[in-house]
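Across the two complexes that follow, chain A remains constant while its partner is chain B and subsequently chain C.
Right after this comes the complex of A and B.
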């Protein structure tokens, strides 16, 4: 019988070691752009999707009528070469460019009408973009006209959202998509959209494996300027540290979710990191309609609690100073925010107000998702709130919950304080009013009041909102500023931090930027 | 023996039906919003969307109706559609299970070979420096949390010295081999693509080692203690008295007896790792069934929870069966009926 010697064994081990140390495929000179990301895809159907990953996927594959310029403020032509709006912001007419879908067929007004009707009738997550749409008409093959029931100066901004990307109606219909009023029940095309695409963008969907890989291929028939890469691969890498490691080794070109602390740990000279302000924010919300809180969590008490928070300390505590304070639940840089001043801590005044309200020794509970969003650990954030409340004599019990349980308890008034986050769907302040304003029937009225809207409704806000939507320019901006001030008076939503964003990429990559509507515009990225 | 195996195999579908029922009822009774994965948080207050989604996914039906529908689909092999991925659960599992199996098989091979070798040598050189070093190595492997050892080894071997590539099953720029077994290493070999095989192997090496190291710890300690116990028993003394060298006593007499508890541990560990390699999968971005299971549980994705439970149950049932068969093979005194 043959016996292996120690020497032979070691040689075999060495050989095996050499074999597995095959050099990783590095980024340089590759025609493929690789992006590291923890993907949160909930659909790849533009009319159903609603997630951060969806934003840049849809932007790359489908195209909107208008889009947001790199200044993150100005709407510029995309599929529409021009548009007209009537004086009262109820009619919007778009003239289309001579664009084509990836299959070579022209983008026509009928496709736009079909897409918007489907978006509305599918009752999917982004269907709110078409709220108030009463008419959609293909005037001719290249002209499309939309009518909304009430003035809506933000309609143009809404159609710049990636979810309003135009779909090739013929291809989609052939694969089970429906746009009629029964689309919510009749449309069976979602599985098809997970493996195929029908847009006019610079890329097409090549393949998708959930939580593993999203692969885009260059649209060879693209009607505009061809993208620099023949392929884009979004690879699932869960945490910031692993993403940074993949970036340092050259395994990926861009890492999308690196927090400022992790960015500091990157030592490779081949990596560029830029810290830029984001339009995301995290906030705490008060729920005066929670059990036993009707007489307790009054506007005065809420204002006192708002004054108790050390906002500067919160910035340091949660994101190491890499963020900004935010006055109202409208992100800094959005219309109407330049005239708003963030709150400052005033412990003495908070104590006085609590004493005047007879709320000394107040005990509250905060139920919130046990999560880390945009680099903010909610447990750490809420511990800071707990400390600040304790300084004014308010005891805050923390109740971190799993996402599903938090959602279950949210509408039940189990606790009077919660915390969550918001990222924009498009550039425009109206979306924040439609969500956070204390206007009867609006989402946060339901949450804060738990069925007793009289506790929180602010009558001034409905008129201001109507005015903001019926005007433009400085007049509209002034209305949003006034709305921001009113929401600060409501003290239902207290923005705590707007965390900065880290753009981290290999040095040979250019064109990486953060977009308020579209997250990361892939078609603008090139390799030096 | 064959009749015994057939009896056990026939029992499996009935056991699975029971497991599926318990899993379905428990997950439905778990506190949490069943729409967590279906309706984004911001749309929770929109009754149009909520009602449409409930109707689309059958969540507007009473629990008994949903249960009957679920079981009806299940007996036809339909595990349902995942709330999160919006794809058939069977497709998701078929896509992810080979990745986990490849990782777990590699980890079990590494863990078993290292554990057996270290256990044997530790027992042979009991009380020496080698014994101490081997035991410390084993102890570290089984004590270190994988999220720590994984990240540190990844940083050391991938970032600092570039000994192995980073995360994932293959470099992102590389296309997977044609699917035959789902094991990228094997499929690359079948395709005759040696460079691709080496890339798949290099990606597999570190996560398999990290997971295998944890297994090594358990096996080393078990083998060492079983052998030391065996070496003091009558049969070992007799063998020595008959002039057998210590190596022969160890390998030919003590080791076969140590295999019995080892087989139990191996079978159980293998089955456990099928759904329990979550941390390794997360750190190494390994698209396996463990991370799928965690995500399903966290988002109350009932169909996915059911699917993963069935896969885990099958793994345990088969592992138990194989362990029992291996028992009979390893120890002729054990009879199966």
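Right after this comes the complex of A and C.
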């Protein structure tokens, strides 16, 4: 997911201060779960939302047809009790359970069809999940069938993304939601979704005040096993250190964004911290289509620069060793990644390649958002890149930018190097191909080429991608491995670090885990 | 006031003596302030010769606490914080000097013209001043710097835009007052006209408050420059600018030494300039003291 909506600056700091003083005094022993987080909510409408906070909110309030098991690999039934897929991965049929929405009405095939059509037609950030959907049909009240235009073995994984949570069509329509072709313009329900919810999940939305608090209430009519807490409060606390303090004093039960360095400094015996690998990663991207770079940032030069980076040192400098190296822009542990070997630094070879390409004395500029993501301070990371490039004789000028300016300048090709990050929306490697691969029309081709796709498009990748989607198991994995290797050869996206994630919670809390689709499944959490 | 040209050099000599005599009456705090500023001035001029670490090189392990090798520890990239703090002066202090000088020059010229000519010149300049002063300084500086893009040059422009109106008002008020004095009337009666009256007969008597204010503002400008760098609108990495160093240290609560060096440096300059400014005001400008 592209998290472009992070709030920054002084106002956030001020609000963080008020959030600390305004939070409920003590969380222990109550049936309210309090979570500290810097929220990045862009919307609470499942078909429009696209943020880390949205992932666990939507999971708690709306339910998907299938979901990801705790092993972060296997798909298990959720609203669908079973499903069938035809041999060429173009037709998907789901049989629904006897579930009900929070208002007591049954979850029916028509709700599922309406939700998916709306997701597609709203053309919002998560609409890519429904790319290629050609048919959605309610066979009967409890059976629903979807058709996609080309084989897509990943469709099942896509519907496990929280943004594909099923909405109560009747309630939503009564409040202005639309699913038709013109939904992108006609649907006016976004404000309603900020104050109400219409899902079948274990919780409902009680209230949301931006930059302050997100409050969920137990769904008393829940059709499944009732959650342990009657209320969940996500309270806005901006930075890792403040979150750790709130956790130590017992103001909150869980802190979601503590980095490993801060975790080490927690001294309270009442707090448990676990460090787990994540599927998030930060990367630098090369933009050969940037102004004056067409002849300069050739594949050979990009390869040489990729060899100049000290990946082990990077891991140490950015996250104090609490992370992993990553070969291609597909996170470790996702299909096809076991066959990939991360790059190693080779200064001599990098120098030779640069000399052979006639690129001595190269000067580049890097524009990047001035932010701290997943515990990685981008300024520190880019200064390390700057030093590594300097060691092979390449001068890198750094331009830390606000998000708005960064976005503008990225689109205009102002600089040839950038840095950014990515987190998964569901378990499956296809989403990474769909975002990073050098296939005509894909997002990063647009970014890297700035209107001159012939600079970067790699013709081998489109066929491999089609093959990966038309097969399953080992065959599909092999195609993803080959795609990973091609993307490493492209050297447009250089993953630097996959930071570990800290699960930090009070000792009386159980069931906290990290999910690849859903971030933090709230309904599984209990108090001892 | 003498009108014999030959007497002028002697007059200015005795005036310098008078200034020196006055300066010797500076209170102790102001002297301390002057000494601190002298230290930083010497640092700026000679720090490249000092036997300290390269501020941009990784010279040790990262995040090491203060030790005999690294007096103020190392930062997240293993750079020596002590060396970076001293080198930071080369960024912060010249920038503050330039910004104050530009703001004084721009503000004083506009303020003097405005006060001297009055009429529509006055209206235009003063309304511009009002509009600029209507914004909180940090907000205006942020807006301008964000518009121009990050970088110290742009941050300096932003700060001059924020600061000049204060000097315009100050100079205008002085000029308005001095303009009515008898020696000016005498000069006009004697045939002096226009800018010559302003330059020769008015301005020399208007500088004191501006100088005092400039001294005090020097520290404020360093602070604002650091604030802009702190939020990423000023110096770009890896420059060892004080504000960006503090920003790097701010996210590391338990590695206090990263922000300590630059923090103390800023504190010392700001304190020194307000001590000195206060002292000067007590001496020269008793009305507002």
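The rule is short, and it goes like this: the second predicted complex is superposed on the first by the 503 of 528 C-alpha atoms of A that agree within 3 Å, B and C clash if a C-alpha of one lies under 4 Å from a C-alpha of the other, contacts with A are read in each partner's own complex, and residues count from 1 in each chain.
Quick note on the criterion: contacts are C-beta pairs under 8 Å (C-beta built on N, C-alpha and C of every residue); 3 or more make two chains touch, one makes a residue touch a chain.
All values reported here derive from a predicted model rather than from experimental measurement.
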Partner chain(s) touched by A:402 [first = chain B, second = chain C, both, neither]: both
Partner chain(s) touched by A:239 [first = chain B, second = chain C, both, neither]: both
Touching partner for A:102 - first (chain B), second (chain C), both, neither: neither
Partner chain in contact with A:177 - chain B first, chain C second, else both or neither: neither
First, second, both or neither for A:43, with chain B first and chain C second: first
First (chain B), second (chain C), both or neither touched by A:262: second
Contacts of A:502 with chain B and chain C, given as first, second, both or neither: neither
Which superposed partner A:340 touches (first chain B, second chain C, both, neither): neither
First, second, both or neither for A:372, with chain B first and chain C second: second
Partner touching more residues of chain A, whether chain B or chain C: B
Chain A residues contacted in one complex by chain B, in the other by chain C: 239, 241, 402, 405
Interface residues, chain A side, partner chain C - complex: 9-10, 239-241, 261-262, 265, 316-317, 320, 370, 372, 377, 379-380, 382-384, 386-387, 397-402, 405
Chain C residues touching chain A - in the complex, by the definition given at the top: 58, 62-63, 76-78, 146, 149-150, 231-232, 236-238, 244, 247-248, 251-254
Interface residues, chain A side, partner chain B - complex: 19-25, 30, 32, 34, 42-43, 50-51, 123-125, 127-128, 184-185, 190-191, 194, 209-213, 233, 235-239, 241-242, 245-246, 248-249, 251-252, 402-405, 407-408, 410-411, 420, 422, 435, 443, 446-447
Residues of chain B defined as touching chain A within the complex: 31-37, 39-46, 48-49, 52-53, 55-56, 84-87, 92, 95, 151, 154-155, 158-159, 162-168, 171-174, 195, 198-199, 201-202, 205, 282-283, 285, 287, 291-292, 295, 298-300
